[in-house]
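Two complexes are shown next, each including chain A; its partner changes from chain B in the first to chain C in the second.
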Partner chain A sequence: MAKIRLEKVNYTYSAGTPFETRALRDVEFEIKEGLVTGIIGHTGSGKSTMMMLLNGLEKPESGRVLLDGADIWEKPKEISKVRFRVGLVMQYPEYQLFEETVAKDIAFGPKNMGLTEDEISARVREAAGIVGLDAGLLEKSPFELSGGEKRRAAIAGIIAMKPEVLVLDEPAAGLDPAGRERILGTIQNFRAQTGATVIIVSHSMEDMAEVCDEIVVLLEGRILMSGSTREIFSRADELRRVGLDVPEITGLMLRLRDMGAEIDSIPFTVKDALPKLMKLLK
Partner chain B sequence: MNNISFGQYYPANSLIHSLDARFKVICAFLYIVCSFLCKNILSFAALLASAALLVAISGIPPKILLKSLRPIIFILLFTVVINMFWTSGENLVFSWWKIRIYYEGIMNALFIAVRIVVLIVGTSIFLTYTTTPIALTDALESLLSPLKVLRAPVHEFAMMITIALRFIPTLTEETNRIMAAQKARGADFTTGSIFKRARALIPILVPLFVSAFRRADELATAMECRCYHGGEGRTRLNIPHSRPRDYVMLLLIVAFGAGLILINIYGIGYTMK
Partner chain C sequence: MDEYFIRTEHLCCNYRDENGREAPALIDINLKIKKGEYIAVIGRNGSGKSTLAKLLNMILLPASGKIYIDGKDMTSGNLSDDEILDIRRRVGMVFQNPDNQIVATIVEEDIAFGPENLGIPTPEIRRRVDYALETVGMRGYEKHEPHRLSGGQKQRIAIAGVLAMQPECIILDEATAMLDPRGRAEVINTIELLNRERKITVIMITHHMNEAVRADRVIVLSDGRLLRDYPPRQLFSEPDFLRRQGLGVPQSVELIDELRRQGIALEGEPVTPEECAGAIMKYLKQKKAHDG
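Then we have the complex of A and B:
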């Protein structure tokens, strides 16, 4: 079943001026419910535009965005309800923190939803738990946190709205390996606890291989291919032809196979590759 | 927020684009003086013709120029109305109840309208449309450099303007990003009382200021890493060169001003006071 469907979606920036750029052309695809879908593509391939379309921050020029089968722009005045259902974590979300305390910042979204005080504080605690923020940090100023903590606090601000779909733009960009690990853990944690649909945009094929069930590849505003992570990463040649790549470990395993090593199925994560490599070394 | 336009520089390959920015600043100033020298219908006609000529050689589409006039339409209408109804003269053209319109008033209103339009068009042709903001601040620094004798921080002033201009598009983009992020959390900037809307700006302003200070700090560090220490002994990448065409343009404008004075002396028709 499709949670979100894009139907013949077109989007153009600065229409009617010399700076006109078509960001999306006749994009048509589905995001399956309860899965983690990754979107990959070059800078300017239309990824960010697509994220803004999913929660109604941008309106498609033509075509429809369907959430559970209903056009999100049917009642333009109620678009903010869609934004609560489809939570968007923008790139570098720590730059949107503004409140005096972390708890208040996380509560900003739920407050805008018009929830009761009790419900809000319950949600703040729950969201902080999912992203792994200590209760002691909640009363601190968000500007006192470390980079990774800020990022997780900002993500908690979206999770506290209990979205049915969580959209994240480059959630691990600019973090150290430990920070990246924790963010990816947070995402998996969130999915496990809520069963929500997750959409991730990233440049890192390694991150994608680790957390995604499905992958969509965008090229110049069109869908180049989509399918399960295994399907997509087994088409390494096609990906490389358009300047994208497969995870490094996959590239290594493919080269080993080309050199004559016997590998039954190509792995995408280091964890899966390890036993296969050990077998080869014996 | 999307309609904050940054400068109005219109890239083209015209004679005016190729002039030295320092000369363009002086030309713009002299052109303003010229527009105030006009006193009668002949000189205003010459002024209008000169403006048309400038537009033609600047290669800037008149449509774009008209856009720059839009913000001053109110001032224009206001001055026209004031001059039309409040100028008294000898030749009464129209009178009804307490309203009297004189021939002199109509001419004054017309002249002043032409003067304002030519002022805007002239300065935008010489400065904003054909000169990049960076070239303009460089020119200002160069023209104001005599003030350095008086210990005025001319270079620092120019550097401040350059940096401010440079950051306008960056901060605009930042504002849009933050607005989108807060909208995604259900922030609403468009409904409610003025008080509520002002409060709704806090989630934008706080992150914007934080990021502006962060950027300023990073920029200062980056400048220091490259040994920036103010204007003392600093050389330039682009040293401005004056060419014969710059002097020709300057002479043309001076000659134009002299011509206007002559027209005033042997003027015909109504003369504005």
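Then we have the complex of A and C:
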């Protein structure tokens, strides 16, 4: 079932000026409920615009954004409710930590929702648990945390609002490999514990292959392709033609096939690739 | 003349933590880098990578130990301001965020900014700007506004700005972290070209192991200490060490490692996807010949 539907969505930047740019053109697709959907595309392909449209930070010029079947702009005055239901984690969200303690920072969103103190502190504990922050860290200043911990604290602040949809822009950018693993684990944890819908924008095809069920590819404001992760990464040639890529392991397996190895379906994670190769090599 | 362009001896550097206490950022770093080498520096967030970069172009000063650049002691304490500026010219830096290092509103003015501050005559500046744009593949963008360029283009403009200072060494501090795959490839190709054809020494700080495999040597920092200084082949043949360090290995190397664990005796020390595919095919052919 579709959690979010975009219908013929158009969006133009700087309309009426010499810098007018069509960011999205007749974009139409569905985000399925309870799945992790990845959005890939170059800088300037319309990904960020799309993210802001999904939670009502931007309004489509024409077309509709439907959340659970209802147009989010039907009652413009109630758009802030949509922003609680669709939580947005921006790029490098740790730069926006500002409170004295980690706990207060995580509590900021729930406070704005007008919840009781008890409910707020329960949510802070729960969100910290999902992102794997020890209770001992909650009373520290955010600035005493490591880079990866800060990132997870910032994500916890959004999770604490219990969004039905969590949207993350480059959640692992700039983190070391272990920090990256933890962020991806956090996202999977969140989905498993809440059943919420997750949307991730990332340039890392390896990360996308690891966590996404579905992938949407944007090119110059249009949908180039969408489908299951397997379907999308099996179209490596098309992706490469437009300057995008496939995970390194997929590239390696395609190379082997081109060199004459008998590989029927192309894997996109190392875990998938291993049994296929063992069958050939044993 | 020193055989090494950069040499450090027992280099230590401290930083002040939130409580005002001094804590070590780098401990006893001994490093030798020859002119024209291509070095990758990897390590977890907070391992001291950026501190090392800032010491090498004198943005930071060490607590103790020595830094020699082209044989000259940078830590003697009696360098003139001109000598310090000269080091910053010879050892240029490119940072992570392309939006934080562009100063002008027109591409060519941005690139001219450094040489102008050195008081270089206008015709020479023109020559340098053209050369720098040519080298990074951005001729034709002279009059463009930097903020309208893509991330990869902005980073190449930042590299061009460093090139206009005629450096001997470029340090890139996670310069590809914010770029899309195309932007990343543009920057890596540019850097490799500078290293190969202009013999510029490159020090590349990165979290991307598939970038590190392309260097001549990879340096691993952990909690301020230098743990490894190996060619990539040697380093990536120790995947367990890298995993313990929280660093991981490229997917191709991971695959080879797993296949070997399951008893497939692959030859050589392949690290790139091409080499790994080659090693697997070679094994497959030998097996077929043997079975057949």
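Rule of thumb we're sticking to: the second predicted complex is superposed on the first by the 278 of 282 C-alpha atoms of A that agree within 3 Å, B and C clash if a C-alpha of one lies under 4 Å from a C-alpha of the other, contacts with A are read in each partner's own complex, and residues count from 1 in each chain.
Keep in mind that, in the parts below, contacts are C-beta pairs under 8 Å (C-beta built on N, C-alpha and C of every residue); 3 or more make two chains touch, one makes a residue touch a chain.
Predicted model, so just to flag it, every value in this text is computed and none were measured.
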item	value
Touching partner for A:Ile263 - first (chain B), second (chain C), both, neither	neither
Partner chain(s) touched by A:Gly109 [first = chain B, second = chain C, both, neither]	first
Per-residue touch tally on chain A - higher for chain B or for chain C	C
Partner chain in contact with A:Gly148 - chain B first, chain C second, else both or neither	second
A:Gly157 touches, of chain B and chain C: first, second, both or neither?	first
Chain B versus chain C as contact partner of A:Ser80, first or second or both or neither	first
Partner chain in contact with A:Ala236 - chain B first, chain C second, else both or neither	neither
Which superposed partner A:Met90 touches (first chain B, second chain C, both, neither)	first
Which superposed partner A:Ala122 touches (first chain B, second chain C, both, neither)	neither
Touched partner set for A:Leu57, first chain B, second chain C, both or neither	first
Overlap of the chain B and chain C footprints on chain A, listed as residue numbers	143
Touching residues (chain side chain C, partner chain A) in the complex	18, 43-46, 96, 148, 150-152, 174, 177-184, 207, 209-210, 246-248, 250-252, 254-255, 258-259, 262, 264, 273-274, 276-277, 280-281, 283-284, 287
Of chain B, residues touching chain A in the complex	174, 177-178, 180-188, 202-203, 206-207, 210-211
Interface residues, chain A side, partner chain C - complex	19, 41-44, 141, 143-144, 146-148, 170, 173-181, 203, 205-206, 243-245, 247-249, 251-252, 255-256, 259-261, 270, 273-274, 277-278, 280-282
Chain B partner contacts - residues on chain A that touch it in the complex	52, 55, 57, 80, 83-84, 87-88, 90, 93, 95-98, 108-109, 112-113, 143, 157-158, 161
